[in-house]
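Structures incoming, each one as structure tokens.
Across the two complexes that follow, subunit A remains constant while its partner is subunit B and subsequently subunit C.
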Partner chain A sequence: MSPPVPSKILTDDVSLLMVLIDTNPHFWSSIKPHFSFSKFLSHVLAFLNSILLLNQLNQVVVLATGINSCGYVFDSSSGSVSQRAESLLPKLEEFAENDESLSERDDDSGNGVGSSLLSGSLSMALCYIQRVFRSGPLHPQPRILCLHGSPDGPGQYVAIMNSIFSAQRSMVPIDSCVIGIQHSAFLQQASYITGGVYLKPQQLDGLFQYLATVFATDLHSRNFLRLPKPVGVDFRASCFCHKNTIDMGFICSVCLSIFCKHQKKCSTCGSTFGQAKTLDPSASQQR
Partner chain B sequence: MMNRDINGEGRKFNRGEEEEEEDEDEESGRGRDAWERTYADERSWESLQEDESGLLRPIDNKALHHAQYRRRLRTATTAGIQKGLIRYLYIVIDLSRAAGEMDYKPSRMVVVARQVEAFIREFFDQNPLSQIGLVTLKDGVAQCLTDLGGSPESHIKALMGKLECSGDSSLQNGLDLVHDLLNQIPSYGHREVLILYSALSTCDPGDIMETIQKCKSAKIRCSIIGLSAELYICKYLCQETGGLYSVALDEPHLKELVLEHAPPPPAIAEFAIANLIKMGFPQRAAEGVISICSCHKEAKFGGGYTCPRCKARVCELPTECRICGLTLVSSPHLARSYHHLFPITPFDDVSPSITNIPHKLPKSCFGCQQSLLNPGNLPGPWVACPKCKQHFCLDCDIYIHESLHNCPGCESFKQSNSVTNMEV
Partner chain C sequence: MADKQQQVVVKRARHKSSVKDPGTPGVLKLTKDRFTFMPNDPSSPVKHNVEFRTIKGHKFTKDGTKQALLNLTQDQGGNYIFEFENFPDRNVCKDFVASAIALSGEAGRTVPEKSAVPIQDEQLSAAEMERRIKLLQEDSDLQKLHKQFVIGGILSEAEFWATRKKLLEQNYSRRPKQRVALKNDMWSTKPLADGQSNRVTFNLTPEIILQIFAEKPAVRQAYLNFVPNKMTEKEFWTKYSRAEYLHSTKNVIAAAAEAAEDEELAVFLKQDDMLVNEARKKIRQVDPTLDMEADEGDDYMHLPIQDHGLPRNDNKDVLDSQYEPYRRSFSQHLNQHAAVVLQGRVIDVELGDTRSVAEALARTKHAELAKDASDVYLDKERLERISRMTEIEDLQAPRDPAVAPLSIKDPRDYFDSQQANAFSTLGDTVSGAKQLKCSVSTREAYCSLKECISEIKFQGLTEPTINSEVAFKVLNGLAQNISSNKYHLGRNPNESVLDSLPKITREELLLHWSSIQELLKHFWSSYPITTKYLLTKATKLKDAMSQIYPKLQEIKESVQSDLRHQVSLLVQPMLQALDAAFAHYDADVQNRSARSGERPNGF
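The block that comes next holds the complex of A and B.
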């Protein structure tokens, strides 16, 4: 990252935008007739270029979220001259090929659309943002934009919640733009908890317009705009035994596992309820 | 050090200003010129240290900070040890005469209050299902300032409103009061006391040893942070009940010691009985609804949550429904504590001397893309995750283990995903 030039004045509206692009090939092939990855990229590239035009000091970093890996594909501040967004295309292609080659090793567990590794790219984006915070008192205001479409992977729940809480503590909003048919409960919670905007565009042909009007504004200017409000965020938990959403349940006081019915023993940590427990070896607990 | 004549000659034309400066200097008690003052306050010789060969090197703050953090991590690595997640903690603040001492600026009382405020916020952030209460020691008696509750604002407001110090402090009265108050909590909760003690003595009405034994049999874990000096009775109390006793050296050290108590301590199995607690997960009410909320007893427009059992409206979570008594939480609150149950493994130090193939080393940190090479193309110190083998810089290491609790490398590769995460 080029060192900050103190002579430039960092006004309130300078932003650092971290964009997480979902490259899950199964998802993109499933919405083939309505929308395609190349059309999506053309909207996104125009949007990224417009962000870079809004302010000379704006910075854009793009990460690709694949099904087997995540990686950085674009950083507008690398190199001496601010680059155009198109330069991400070769790196993105290389990433997508690499990602697909990694999945050839596993047997085809693709019954339906798998989920992409959102927790990985969120964690990497947050590490980058911390580096920007460390660079000195003058730095652009960071935010994260997730362009996501794959369904939520329940195995990533804990990791995504950890990322959300860390973003909340660092005051980094997570905006979500969900492509496709399904809503994403994880991203709804992420945007609600961190104070970002959650949107599922109705007309994908006009994606650039949604991006430019809702997600292009910096954090300072958002105070003056009426952005889409969250439509009922579902905070109910799911029970560990049946994975049903419940609104009243029982929590184990030792490991906080959620159950829908009263039980004698906790299946996660092995503690017996109602009697003074003996020191249970940690083998019965996680991993 | 002051050689006014030499300086005076060089600055004859500045006589007027110098006289003003002299007046100021005399007020502060030391006659110095402005340029001398900058060196005197900085004491730059203190930031040098000798390395193995006897050469002087400046103190590498980054490496020092990282070494401190590693020490903390090593003592705190408790993967596989059960933690007490549902805690009922009383903070006992000493507001005796000794708290008015000014060795901490502006006074011990104010510094303690500031740290307690930061601690309360951090505590509820890390333990959303737990509750805090405040007790003060003043004029030889102990008073309960706030009852056990889960809302940080009410505690902080009560504390800031009552900052006066006088009289003696009585450790026994404080412990007696806390013992009676903690008797009422459910059996699955962990009982803890954190005493911030400024005085050097304690004025007790009876035998404090009996009180200590009473607390020990009630399974209350008492920890003390002293501000003046180490006291035997405090050390004995903490040893008997299994808590921590530490004495603060200065304000940053005090902050570190206080925040050490925010993450859940290792749980002693017999101290709390495992139980299934009935909890509700309310839905957020629709935006345009008008209803009377049960906490403020006034009509509110939009927002709020509906108790699933009695359908009363509450304003914020986590809380206990005032009508039916059901504990109401949302799933993120529970998720905040999961990282205590599934901590990530500490990263291993990678010393540049071990790996002797320079071009095989990764050029940049996996998390933040910062270059791992120092200027001059020499590799600086960095760390690697033992599971996914990715390399990270020292700052990312600290951030990952203290705040993020996810290894970006493990999360970014599919094969490790199924092993480390639990099914929800």
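The block that comes next holds the complex of A and C.
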């Protein structure tokens, strides 16, 4: 349990930073030649320590996103003295052990890099933030930073969107720093909707510089700092039948599933569509 | 046989008195101000010569149905039904009739300044027309669109307004529907008393009279009975005021004495029997199956303070029973007043005429009584419910719950369909790099992860954390990125590119944009094309769009060179949308012509 925040007046730039670290082992081994997990960790630890140095009342909480579980590995406000970020290492090791033990035996042949449980760690981060909100009127301003590299897990789409909307409601920006090969559509949308910053660094060995320049800024300072904006967010939809990205299509009026061709029945919700050919001209709408 | 510009239209038609009637064949002749129908058989009595002034509207069957009918309706309810041999004939007559009606009805209708006479294609009520005209007058953008498309003949009136129903309704509901409710304060029984003389003045306004009649049915009944037979209105109210005065003095004995003398006064002083009956009826309607727990707080019988907390001035000596009817209970009065206020205004009659107010109230009360009396079904239902609730539970057989079974679909189906969806989205956003395959087993992957962690644990963080050249490059890159964004997207996030354009260009662009939106909306909604009507509509829309297309190109070229890039960025999506529409149209036409090669009669 974190000790109660002292009743000094909190200045504008006190922040609570929730960092979600992607610990998907498949992803890290696939990216090994370019960037190793240890280098990544050293950049991130230096960054976390520098956040704690910016203001005495800053708090940092780190969550690890595995492929079978998520867990807290570091909380700077636990214990009587603010801890250094290195103390997360033993916990991280424990977490990796735990995660491994949860994975299934028969998964020996790798078939592509799986996705990590981003929705789980987002939810845990939001729960922690809610607890902080309810701890009293004096609390630091929370934000979430996702250091993510694994590809987006399609099964988590709905859960991630729910967490994004709940973050939007509580006005918690979600920053994303994508260290993988490809852009992440989920995180692009997350940052866009919640007002955070989305960045895909060009040079991974300068990660610390990216983190310190862009993601160390607190929410108050963001009002007068200019941070990188993505050129555009890919909001295009894909049709559910052929999985092609389309600009124009047919939409089921019940569940809003998208199809590129006229269908008799919606494959998602099962509602039947009306006839296309009728005598009444006004009824020939796109369904 | 006649084209639209001509003044006279002559067609063969049959006149029918109803839709089923085979009809009398003849010739229908339409001129600007009247139509005449002459049957082929000269001896037939069916001859008509009607001016368009008396015709208020026209209805017609849709193209493609069994009969080509045109129904001209009059104000008083009469109508003339004509059946034509084919639809083109009927349509010619229909258009002529529409313009003739519009012309003849124009005199009685206010026309907006731009002479936008809406072409009546359907039966419209006057209220609807008014709403539309008002909406057009208020919103000048809408008026421009309307003028451009409806008057220009590209869209019909019905189509234009079909997508704007919400706007019309909003307008309509903006009219205040609230009415002023009854006042909550009870009519003060403290009249204005002159200190010097013995006169007491009461003020009665129609509003107060309404409340009195609503609260005290006996007074209302008395009014209906006495006025104007036995006394005038003024006398009636004088007596009533006297009764109120007596009550206010709380002198029950004096009240009884006066009542004994004056019969009419007695009516006001006694208890209100009608109220008692109403209360009794209400009590009977209370649902006995309602489970209300009573607790100490509900025990008001034994409170030291009587009358629900209101202190009583006079002592509680028991008066003679003959005086009982003249005692008035404040709590009863308060309850009755509250019930009346909550009920609100039941009648709509103007308050000036007291008699009509009284009668109207009496009527509503009678109607309620009659309704209650005839509500046998309700009673039966209540009895049934009572019997059901008082059943002894453990003697009953288990009853099936009266609910429909849930049908929860397997969520996996939904998610699985999302799966490939998300994969393909990713595939599109990959900038040239393919997904890395991980050919390492899970255990090995975890091993290497843990190795990395222990590496740091033993070696510590790398020193220096970051190479200075790399850091410099990163900073430069970021700065450039941010400044180029600023250049493209504007200094101030709230400022838009449009503001930096000259005014004329901006207006034109906005106008084109809204017209394109409207046209595209109607264009896409008419696909898939199943009837001829839709085909003509799509063609008209496509022609209109192809007129706008070159205008957009012109704008792009006419702008100054430093703004040209931004304008082309703005215009680009418009052109793309139009291109997509044209492509779709052409493909469809091609398909259609390929198909009609097989079938000679089109579709």
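The rule is short, and it goes like this: the second predicted complex is superposed on the first by the 263 of 287 C-alpha atoms of A that agree within 3 Å, B and C clash if a C-alpha of one lies under 4 Å from a C-alpha of the other, contacts with A are read in each partner's own complex, and residues count from 1 in each chain.
The rule is short, and it goes like this: a contact is a pair of C-beta atoms (placed from the backbone, for glycine too) under 8 Å apart; a residue touches a chain by one contact, two chains touch by 3 or more.
In this text, all values refer to a predicted model and were calculated from it rather than measured experimentally.
Aligning the two structures on subunit A places subunit B and subunit C in a clash. Of the two partner chains placed by superposition, subunit B and subunit C are both touched by A:K229.
Using the contact criterion defined above for the overlaid structures, shared-chain residue A:V178 touches neither subunit B nor subunit C, since it reaches no partner.
In the superposed model, A:L256 lies in contact with subunit B only, and not with subunit C.
In the superposition on chain A, A:F37 contacts subunit C only, with no contact to subunit B. Once chain A of one complex is fitted onto chain A of the other, the partner contacts of A:L20 are absent, as it touches neither subunit B nor subunit C.
Using the contact criterion defined above for the overlaid structures, shared-chain residue A:W28 touches subunit C, although it does not reach subunit B. Once the two complexes are overlaid on the shared chain, A:P151 sits against subunit C while remaining clear of subunit B. Shared-chain residue A:L187: touches no atom of subunit B or subunit C. By the touch criterion defined above, A:V197 reaches neither subunit B nor subunit C.
With the shared chain A as the reference for superposition, subunit C clashes with subunit B in the stretch 296-304, and the other listed options (296-304, 368-376 or 404-412) are free of clashes. The intersection of subunit A residues touching subunit B with those touching subunit C, taken from the two complexes, comprises 103, 154-155, 157-158, 229, 234, 236, 238, 240, 247-248, 262, 268-269, 276-280, 282, 285-286. Partner subunit B is touched in their complex by these residues of subunit A: 1, 67-72, 75, 102-103, 106, 117, 119-121, 123-124, 126-128, 130-131, 134, 154-159, 161-166, 169-170, 189, 193, 229, 232-238, 240, 246-256, 258-259, 262-263, 266, 268-269, 271-280, 282, 285-287. Considering their complex, residues 62, 64-65, 162, 409, 413-415, 417-426, 428-431, 433, 435-446, 448-450, 452-457, 461-462, 465-467, 470-471, 473-475, 477-478, 481-482, 485-486, 489, 524-531, 533-534, 580 of subunit C touch subunit A. Subunit A contributes residues 23, 25-32, 36-39, 41-43, 45-46, 86, 89-90, 92-93, 96-97, 99-100, 103, 107-110, 112-113, 151-155, 157-158, 181-183, 185, 201-203, 205-210, 213-214, 226-229, 231, 234, 236, 238, 240, 243-245, 247-248, 257, 262, 267-270, 276-282, 284-286 to its touches with subunit C in the complex. The touching residues of subunit B, counted against subunit A in their complex, run 80-82, 85-86, 125, 129, 188-189, 267, 269-270, 272-284, 286-287, 308-309, 326, 330-332, 334-339, 341-342, 365-370, 392, 395-396, 399-400, 403-408, 411-414, 417-424.
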